[in-house]
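Here chain A shows up in two complexes: once beside chain B, once beside chain C.
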Partner chain A sequence: MRTFLPAVAEQLFRDIQKIYEETTQIPDDLLIALKFVFGTCALQALDLVDQRSVTCLSSPSGRKAFQVIGGSGRLYTCFLSCHYCPCPAFTYTVLRRNQGLLCKHILAVYLCQAMAVTQQESISDQQMSAVL
Partner chain B sequence: MKELEISGYVSDGDDLGCTLTSSKLDSDVFSLQSGEGSKKSVRDWLTSAQAMLQTPQKPMDRQFKTPEGSTKKKRKFKSGGLAERLNRLHCRQRSAISFWRHKSISDTSVAAATTVDRPGVLVLEVLEVHEESSMQLAHCEHQQPPRDGHQERNAVSEETTRMLVLFNRETAAQLIPAPGDVIHIYPPWQSLSIEGFICPVILSTHFSQKVSSASKPDDMSLPKIWLSAERRLPYFLGQIFGLLDECKTKSEGRAKQSKCSASFLSQVAASDVLCTFGTRPCLSLLEAIEGLGQAGNVDQDVDVVVQRVYSVPMADYQHNSVIDKAQSDVSLLSNVKQLLSARLCVLVQDSFGIFSTVRLQPLSSSDELHQYCQMWQGRTCVLRGVKVVERVTRERHSRLFSLIDSLWPPATSLKDHGNSLSILNEIGSPGPPPSFCYLLSGHQSSVEPREGQTVSPLYLHPASRTLRDILRSEAKSCRCSFIATVLYKRMQSTDVGQGEVWLVLTDPSLQEEQPERPCRRTVALCVSTSCVLTSSVLEALNSPAVCDMSFRDAIREHGVLLCAEQSVIETTTRQDSLSSSEPQVKTLPQPPRLDSLSLETTPNSLCSLTGVIVGVDENTAYSWPACNLCGSDNLEVSAEKPQNFHCISCKSTLDKPDTKVQLEVFLSSSSLGNCTLKVKLIQQHARIKSILRDLHDRLLQLQGYDVESVLGKEVGPLAVYVRVVTRKPALWMGLEEICLQAWLSNQPMW
Partner chain C sequence: LLAAVTAASELGVRVAFFAQTQIQSLPECLQRCSATQNPEGLKKITFSYPRTLEELLQQVASLHEFPCPPSLIIIDRLDGFLRGAVASRHAGFHSGDESRAAHLAALLCDTAAFLTEILEKRGSSSAPCRTIASFLSDADSGQESRDPSATDPILDVLDRYFQARCTLDQDRSYEAAAAAAQEAWHVYLSGTKIPDDLEDGPTLAQEWKLFIFPEGLMEFKCFSYSVLSETANTDLRFPLTVTSD
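And now, the complex of A and B:
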């Protein structure tokens, strides 16, 4: 009962990372493949990436989290160690209906990581507690 | 107002089905997602909707329609960014997919046999299908080794012919892959090699077609097969897709080595159209327009063939300055008005077969249309600086599509969006005519013929046919072009430009001596107000003389000929391609043969009639004197000699003026049984005199004529115009005698 899509996704991200490192460009075919695999949230995620909406928060105690500024201006906190996003799309599409792998925020996180355009920010432990 | 939180889009499956039939480009404005929005946001929406309804005074809150920063589809992406680029690619792909699907639906039998040999086509047999996250994954066996055209970097060796093929929701719904099925996947598709996987993974499988199925279509197990595409449990959320533990910015990142092997996503034979961004003219209207994403100016130049040049009436008649400059002759004024309200229009076709009409500048003189026709029709031109008005479909624009149908199938083979660029001429059959057409608007310089071009191979010349051929054609409605002799004209209003004009036409094919299969001798044609008439045509229509005219793209429907929009009428003196040395009108028998009046005669036709007078309409009978020389009715009693008359128009004195008679009689014809025929006889004195000598003499006396002496008199054969036919309560025909103008004589017809 093996699932394959995660591996497909992972490979795509790797490919993006590699090619972006070399050329600072993502070729058209990778974009198309992203759209194919992730569907509608690919476009939105890319928009978030264009806007540089992903920030990696780190605190002195070593905790890290990702914060994504969503389309409406809201902040969504996503985790490193597992896929979770507080946005309603994640709840419904990914969790409840199992119709998507990711929501656009998590996808944006992956893309920003692949392209190494995640903003970095340090916050205090107290602030980190508040965020998490 | 609570901020609305709309996350997630309507899935793009909604768009695919609509592309072909929507009449507006991209009509999405605001869509509340079905089921994907959270309950909270639905409640928000309801609350805000209620608030809006209760407070109508409040100005429409824009936030409601476009929630702040919400990922509404129509928000502009960052220019030059990834999202914008993907959007453009996706729009094009979507169009190519719907175009391909439309074609492949009509083309199924041909496709299977002939296109397998094309490089880049994957032939797969499905072994097992399962579903993950709304995609269907099929383990397949590849049935042919890849061809040379295949650009995959990690070539699939002959042993590992297994492949994992991904289908997105829309493709899967259409395909319903099941074990045992054979599927063809056409390029462009993508192949991904995953580290640790033996099989390549096939992506972007939009152009897929099931060629054979293991299960029969009416097998009841079909729904089971759909369900049996088992859904794999969602992946464990703790399984991340790499990368998340790498917290690095651009500056740090270079050193980090990627663990993955040199496996790249490779694209197989993507069609040329996906990659053209440059300045070279594009060959596809669909790409240029659909790539816009919304209605607006088309920034790309497109190469097209001008199939037809015509003019369309414009709404406004206000061209005061030009009317002032026009000649003061009042009779021409209406003609000028007619012309000024015409706009040049062309019907173009790109090399993929898509049509578009382009409305251009207003015409300033009637010669212009002919000139543009000469310059452009049949040539390849560059279309630039046009704006998209609409995309229309067959249902609402049947006249336009009747013209498009007449230009289908195309003269040469067309290009194909969905297939590899190397094979341009291999379209077996072009399929059905397009179901949509663009309406564009441009200006004076929007159409520019390419240099050094003669006639494009795609051009379909309006072939001239004989009337007999046209009348006998079995098509219910079609476009036809022909040259005909106009025997009779009938204007609905005195101002020619305003109302309908009815013409009665004939040509040698209808007039021939003893046809094997009898056909009618004349045919009626209606010129509707949407058909623009040039000044030479108007002049010809205004004069009583018989003439030849050429009709291009007239419509034949319900057995009647019609000239409407896109039809062009020209006098034959303009025709450059007169094959015969003498004009057609002179080759016809004189007087022309007419059908006899019969029970099936339709209005607006010319017939010949012989009958017996059975009644006279005394209410409408009268006579009056007229001038012998000029025909005018303006006579005065001469001052010097009271017996004589003086004509005011030509200033001559008349000893014995002519008499004009208006007389309507009822005829009975043996062939027409119980039909009442009321015939208005011609005013011309000489004519009546030769037929109804006695009656005429008696009427001259103005009183005391004896109706009984007229009754029973046989008349005919008369040439009559059937003005009106009513069938209830009984058959009644209103006829008008006409004089078919003698071709060569100068007998005036007053």
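And now, the complex of A and C:
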């Protein structure tokens, strides 16, 4: 995902990617850093990662999008190149109050990408248009 | 509309133009513009008239299905689409509108990024794909009393996704009358990032005066914005011939 993140967050994901490739685990210091940077949504995002809730949808045109199954079972569509999520937390905390960088769904996408545990699914171009 | 016509005719760029109100004819100033003398160029503009925000989202989301993708996406009066999405027809914007605005802006951003990749893979000189949207805020439309210090929450949301904002403030001083113009507008750029192709050149203009004359003529007076060079004023008068690099 093209980043709208501060440099510290980008570096954190690079570190997580590197260590996870080697050990298939995220050490405590990186977990603490994750919570420090992203607050309470860090643990909620990790839960989503554990549940393998993030899927990368792709269509024949090459267009891609992420779909995240939320805690309530609802599907949230997130974009590849910028931050947006239809969940209430994104609207309230990020857009309206400007108190967070992102919601747990978008964070789960970043973590799944870093850990290479994103599910993959192919759909038609028309289905992709409907999802977006 | 001027941007669409100029891009299509003078730069040979394919344009997707979205508006709620059907365009019956070009404004007078454009009819006399040399850019409109090239009908082949105008064929590069695809006009779409979605009636609702949902239709607009669906049409923008489908751009990836086109065999010949646009290099410029223009949304005319984005505020109209957002305001129309409110279930109960109260004036102005309400809660939930931030999310709708963010969805549309993010979709435009993501679509432009994807189309840029496609154009670059094809080796097209039309890359990157860019997006322009016009927006009339409630304060400027007269629906709310004007508070100079208040910011429009929808514009704040849009600023997250659009790199630059071009603001037009009507100049109600005597400057228009002094120039024998019908209207005078102060036009200026702001934003978090200056687009790459505007970073070169010490005499980049980021502030203009726009005069609109009774016969439909438009005149731009540029002001340079640079601490490295001497001030240079360049007058642009429409109809005009735009040359590309």
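Going forward, the second predicted complex is superposed on the first by the 127 of 132 C-alpha atoms of A that agree within 3 Å, B and C clash if a C-alpha of one lies under 4 Å from a C-alpha of the other, contacts with A are read in each partner's own complex, and residues count from 1 in each chain.
Simple rule for what comes next: contacts are C-beta pairs under 8 Å (C-beta built on N, C-alpha and C of every residue); 3 or more make two chains touch, one makes a residue touch a chain.
Quantities reported herein were computed from a predicted structural model and do not represent experimental measurements.
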Touching partner for A:A7 - first (chain B), second (chain C), both, neither: first
Most chain A residues touched (candidates chain B, chain C): B
Touched partner set for A:L30, first chain B, second chain C, both or neither: first
Contacts of A:T91 with chain B and chain C, given as first, second, both or neither: both
Partner chain(s) touched by A:R74 [first = chain B, second = chain C, both, neither]: first
Which of chain B and chain C A:Q126 touches, first, second, both or neither: second
Touching partner for A:C82 - first (chain B), second (chain C), both, neither: both
Intersection of the chain A residues that touch chain B with those that touch chain C: 2, 80-84, 91, 95
Contact footprint of chain A on chain C as seen in their complex: 57-58, 61-62, 64-65, 96, 98-99, 102-103, 105-107, 109-110, 113-114, 117-118, 153, 157, 160-161
Parts of chain A lying in touch with chain B, wherever the complex brings them together: 1-15, 17-19, 21, 26, 28-37, 39-44, 46-47, 49-51, 56, 58, 64, 66, 70-74, 80-84, 87-89, 91-95, 97-101, 103-104, 109-110, 113-114, 116-120
Touching residues on chain A, where the partner in the complex is chain C: 2, 59, 61-63, 65, 79-84, 86, 90-91, 95-96, 125-126, 128-130, 132
Touching residues on chain B, where the partner in the complex is chain A: 3-12, 35-38, 40-41, 67-71, 77-78, 81-87, 89-90, 93, 132-135, 137, 164, 166, 168, 190, 192-197, 201, 203-204, 231-235, 237-250, 252-254, 258-260, 263-267, 270, 274-275
